[in-house]
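You will see chain A twice below: alongside chain B first, and alongside chain C after that.
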Partner chain A sequence: MPEGKLCNKQTVDAKEQLDALLADKGGKQYYEEMNHLDVDKKALRATLKNVVRSRFKTWLEICSHCGLCAESCFYFLANDRDPKQVPSYKIQATLGKLLKRKGDVDNAFMQECMDSAFSKCTCCTRCGVYCPFGIDTGLMFAYMRGILFSQGFSPWEMKIGTGMHRIYRAQMDVTTEDWVETCEWMAEEYEDDWPGLKIPVDVQNADIMYTVNAREPKHYPEDLAEAAILFRVAGENWTVPSEGWEETSLAMFAGDGAACKMQVESVYDAMDRLKPKRMVVTECGHAYRATVIEGPYWAGIKSGQPPVESIHYVEWVAEALRTGKLKIDPSKKIKEPVTYQDSCNYIRNGGLGDVAREIMGYIAEDFREMDPCREHNFCCGGGGGLNGIGRYREQRNVGLKIKRDQILATGAKLVVAPCHNCWDAIRDLEEIYKIGIRWSFLKPLLISMIDVPEHFKPTEEE
Partner chain B sequence: MYEFVTGPLAWISFGIFFIGLIYRLVWYIRGLNWQLDRVAYTQHVSYGVKGALRSIFYWMMPYGTRSWRDNPGFTFLVFILHIGLLATPIFLKGHNILLMERWGFSFWTISESTADVLTVVVIAAIVFLILRRIAKPEVRLITDIHDYLMLLMAVAPFITGILAHYQVGNYRFWLILHMLCGEILLIAIPFTKLSHFVLFFASRAQLGMDYGIKRGGMKGKGLAW
Partner chain C sequence: MFDKILFATTASPTCDNAAKVAFDLELKWDAKLFIFHVFGVPTRGYSPFVTDVRTGETEQIDPDYVEWVKEEMRNTYDVLLKDSENNVIEAVVGVPHREILRKARKENVDMIIMGAHTRDENVGAARYRAVVGSTMQRVAKAARCPVVIIARPCTTCWKLFSNIVFCTDFSKASDYAFLWAHKLAKTVGARLHIFHASDIGMGSTGQAQGQQEIEERIASAKERIEKKYVSKIKDYDNYGIEIWEGIPYVEILKYAREHNGDLIVMAHHTREIDPKDAVLGSTVEQVVLRASCPVASVNHPEKVSEEPE
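Now for the complex of A and B:
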């Protein structure tokens, strides 16, 4: 059987395909079919030729096997310094071999590559910062995922994720109606406490177009209400688009370039339609990376910049605190020791380390840095889509140990984690290792700390 | 033989060395693609240049980066090795006399005792790097035969050179072998890992531009390498 019914080289563009995949609980049949999936060597060779050019070839060739990248990788450390977890080894054993064999590889090899690309690398890009030659193994693994995807070797959840983006322009099955209804529902739900609260949909020429992670409308709608409260308190003229509201990209994790393009273009279209001054992305790391940092390239924008200036939520918060749009009640600042999870996606790969510190300066009395921190921080352990992949749960859980120990060393019991993936990983690490910590996005913390203007006081306080 | 090694072969090896390196550099740059690499190389030029220069500068400074500082012993070996590898042949008196004779120009020179010290330093650094390769499991696993070959090729001109200089045994033999080793090294550089002679700069500049233009360089102070 060269192509499976569920596991194949086709992309998921129809709802029936997606439903069939979803019905296969845990991907049992999907992975079984994967064992029989043929490798299209001709196509693979062509893909390699397109993707692996002088930059990657140079990286693979000049690597002096010095091993400096070893300790930079949290997997190496978490797996008791297993030499097989050295970034250089991991990439040479996969992409390096694939290239040497010019794509002449079998099914077992492709599965090994998939297992490495997803369970031994979260594409956190830390190792690239530690290599004298600037060899960015995490980046190569991200492209490796694309090569694997083109041959149908993708974890089940990733394949589903790409289908979601292709069909719903969101990582989950949230339709335009669901989204708009959720906005209305949340505004109503919170209106009693926050008189006049609104979530304005499709307003043109607003100062801010706010965009989210589909998990928010789907599972944590209160996050949306909290965003509305903070925008309202800050007096912002803001809106959300009815379409093009989703920032995340499981397609990026999966390596489905075409779906990445479709997804970001839906957001850029919303910018064209609504002509906001700026866009603000919710507290999500990879969403910001996908739509603001990488997105313009998928969409073919030569300047490498999104159509309108786009900022991460932490940038908006820092600005609002700096300009006094949001004022913290000094008596409500966080008194206990608190630490901050630097997301690879907007700190190391987005340059927002200082912005995060600025916020902590306003809201915390006893801020404790993790060691290492900022652009040198370790991945939380759940990056690159790993949190969501059942097949690699065990490997993920081992990787979480590094973050656990980093948090423990700070002595803080509260972790501020303005990134959905990091937030999940920290939640899971508490569940598994029970170290007695709490974790939070910024929004609920801010709401508990800000001065609320008279006209907008929750009614029970009036 | 002596005439051949110092004459045509020298020309050929220097020719291959320079043309090969230029070719590698051109090949590298031509292989870049803004959309595939997702770096707007030609836009935001000042950020790109700044990113590239920072990325090269900090890594050329001994202990200039976190990675160098985390590995003090290795960093020491790498820097003294490279200083010795480059300075000794370029500034050696004998080489410069030859240069003047054959090609009509020369650089300033170092004393013989300095050259001796540098030579011993290179040999010692390479011995320690080989020991490190064997001793550290994470380095041993990724090491292959090429890595040893590179070290051997790099050290051979130094060993043969010092043997010739001190006329251990047959001077003529060591001298010719020394020149052959040097020429082999020159020819090998463009075609092997040693192409990092130029590709180090290319790769560092590329990643520097990536960080400088795209990954935060336009927002923060620039990556703290």
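Now for the complex of A and C:
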């Protein structure tokens, strides 16, 4: 069977395809079909030629196997220093081999590559920081995922994720109507406590266009209401777009370049349409990387910048605190020891380590750094889409040990995690290892601490 | 008065008493009953896994699993479903309070019925609380329709209610609770007890109140009840006013017990929803937990009209 019904080289562009995939519990049929999937060697050679150019070739060639990357990898550390978990080994054994064999590989090899690219690397790019040559193995694995995707060797959930983006321009089945309705709903639900609360949709020339993660409207719309409260208290002139509101990109994790482009262009179109002064991304790590850092290249924007200045939520919060738009009531600051989870995607890959510390300075009395931290911080353990892939649950749970020990060493029981993915990984590590911690996004913490101007407080009428 | 009723259930014994009332209401009012169960709590990030609220197990959802949950629900409500004429069984994934509110909004239901979700002996109920704070409290606060919470067996059938106890703290939300209680009392022909408990708990000054002060407060409460509520009662004289002093929830419970209350109606407008304090935090929680009759929480003007239909 060269091409399966569910597992094949086709992209998922129709709802029927998506439904069929979703109905296949845990991807059972999908992975069975994968065992019989043919490798299209000719196409693979062409893809390799396209993807592996001088930079990657040089990297693969000059790697001297010095092993300095070994200890930088949390998988290496979490797996009893298994030599097969050394980043340079992992990439040489997959992309390196693929290149040497000029694409003349079989199904089993492709599956091995898939397992490595998704369960032995979260593309956190920490190893690149420690390589004397600056070889970025995480980046190569990201491209490796793209090569695998083009041949149909993608984890079941990733195939679904890209399908969602292609069909809904969101990682979940949230339609434009659902989204706009959710905005109205949240404003209505919260206006009792926050008189006059609005979630303005499609306002032109606003100072801020706010964009989110589809999880928020789908399951946790409170997050949207909380954002609205903070924008209102800060006196911002803001809006959300009715279309192009979704920042995330599972397509990036899956390596589906075309879907990456479609997704990010929907956001850029919204910028063109509404002409905001700036865009603010919600508390999500990979969303920021996808839309602000990588996105412009996917969309072919020569400057390498999004159409309007785009910042992460932590940047907005730090600015609002700095300029006094948001004021923290000193008596409400966090008294207990608290630590901060540096998301790889906006700290290491986005350089926002300082603003995170600035925020903690305003809100916490006993802030404790993890060791290591900032751009040296370890991945939460669930990055690169790993949280969402059932096939690699066990490997992920082993990897979580590093973050567990880092948190324990701080002595803090509260972890601030302004990234959906980190938030989830930390929640899961608590469920698995039960170390007695709590974790939170910034928004609910801020709302419990800010000075609220009198006119935003509800009046109790008689 | 009730065309659409949403019975939000944990599909576990916690909600058995609520189920009886819900099915009873469906028949008595010729209503459409949505039997609605949020069975899986999703993760924050991207993941196909949900935590099944009943088993606590991590599950991957597919249409078969949803069908299986619904089948389980049919088995659970086997006996009650036999007489039911107009119901829809639904099982969904999401955060419980959020999905219940979403459904109520989408269907524009006239009432939500829930179990108390506050007893630890049941895994499902405990998880509803552990994951999201108190589902009941969050639903009661935000729902635009009355939310009736049933923790214990309800011995009287709804249409035969003879004593409806409306408790007020004179808040805006209490006004809506009154309108609904009044309408319901008129519709079913029950006595409407207008009750206020003057809080003698030590205030922020830490001083106990003197007898004179208590009496002054009672007199002023009586005046307010006359002005706010009694003036709105038209063509109905089966009502009474009572003001007691004490700790509000204790007095409410005592009063309801003494007067054979079939239903307690009150507003539920606490602002703080801190999961840590939520369950036992407010007067409503205490009343819900301890009352031997159903408790209706009404907080918004929707679904509350002055005149019986």
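By definition in this document, the second predicted complex is superposed on the first by the 457 of 462 C-alpha atoms of A that agree within 3 Å, B and C clash if a C-alpha of one lies under 4 Å from a C-alpha of the other, contacts with A are read in each partner's own complex, and residues count from 1 in each chain.
The rule we apply is simple: a contact is a pair of C-beta atoms (placed from the backbone, for glycine too) under 8 Å apart; a residue touches a chain by one contact, two chains touch by 3 or more.
Everything numeric in this text was worked out from a predicted model, so none of it was measured.
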- Touching A:Tyr220 in the superposition: chain B (first), chain C (second), both, neither? second
- Answer with first, second, both or neither: which of chain B and chain C does A:Tyr433 touch in the superposed model? neither
- Message: I'd like to know which partner A:Ile62 touches here: chain B for first, chain C for second, both or neither.
- Response: first
- Message: For A:Glu375 in the superposed arrangement: first (chain B), second (chain C), both or neither?
- Response: first
- Message: Going by the contact rule set out at the top, does A:Tyr297 touch chain B (first), chain C (second), both, or neither?
- Response: first
- Message: So in the superposed three-chain picture, is A:Ala70 touching just chain B, just chain C, both, or none of them (first/second/both/neither)?
- Response: first
- Task: See if chain A has more residues touched by chain B or by chain C, and give me that chain.
- Result: B
- Message: If we overlay the two complexes on their shared chain A, which of chain B and chain C does A:Phe109 touch? Say first, second, both or neither.
- Response: neither
- Task: Please identify the positions on chain A that touch both chain B and chain C, taking each partner from its own complex.
- Result: none
- Note on the structure: Within their complex, chain B touches chain A through residues 27-40, 43-44, 55, 59, 66-68, 70-71, 74, 78, 133, 136-144, 147, 150, 193, 195-196, 199-200, 202-204, 206-208, 210, 213-225
- Query: How about chain A: which of its residues touch chain C in the complex?
  - Reply: 22-26, 157, 160-161, 171, 185, 189, 192-193, 215, 219-222, 248, 250, 253, 382, 385, 387-388, 390, 420-421, 423-425, 427-428, 458, 460-462
- Which residues, counting only chain A, touch chain B once they are in their complex? 50-51, 53-55, 57-59, 61-68, 70-72, 76, 81, 83-84, 86, 88-89, 92, 128-136, 293-294, 297-298, 300, 302-304, 347-355, 372, 374-376
- Task: Enumerate the contact residues on chain C facing chain A in the complex.
- Result: 42-49, 60, 62-65, 94-95, 98, 101-102, 105, 142, 170-172, 269, 271
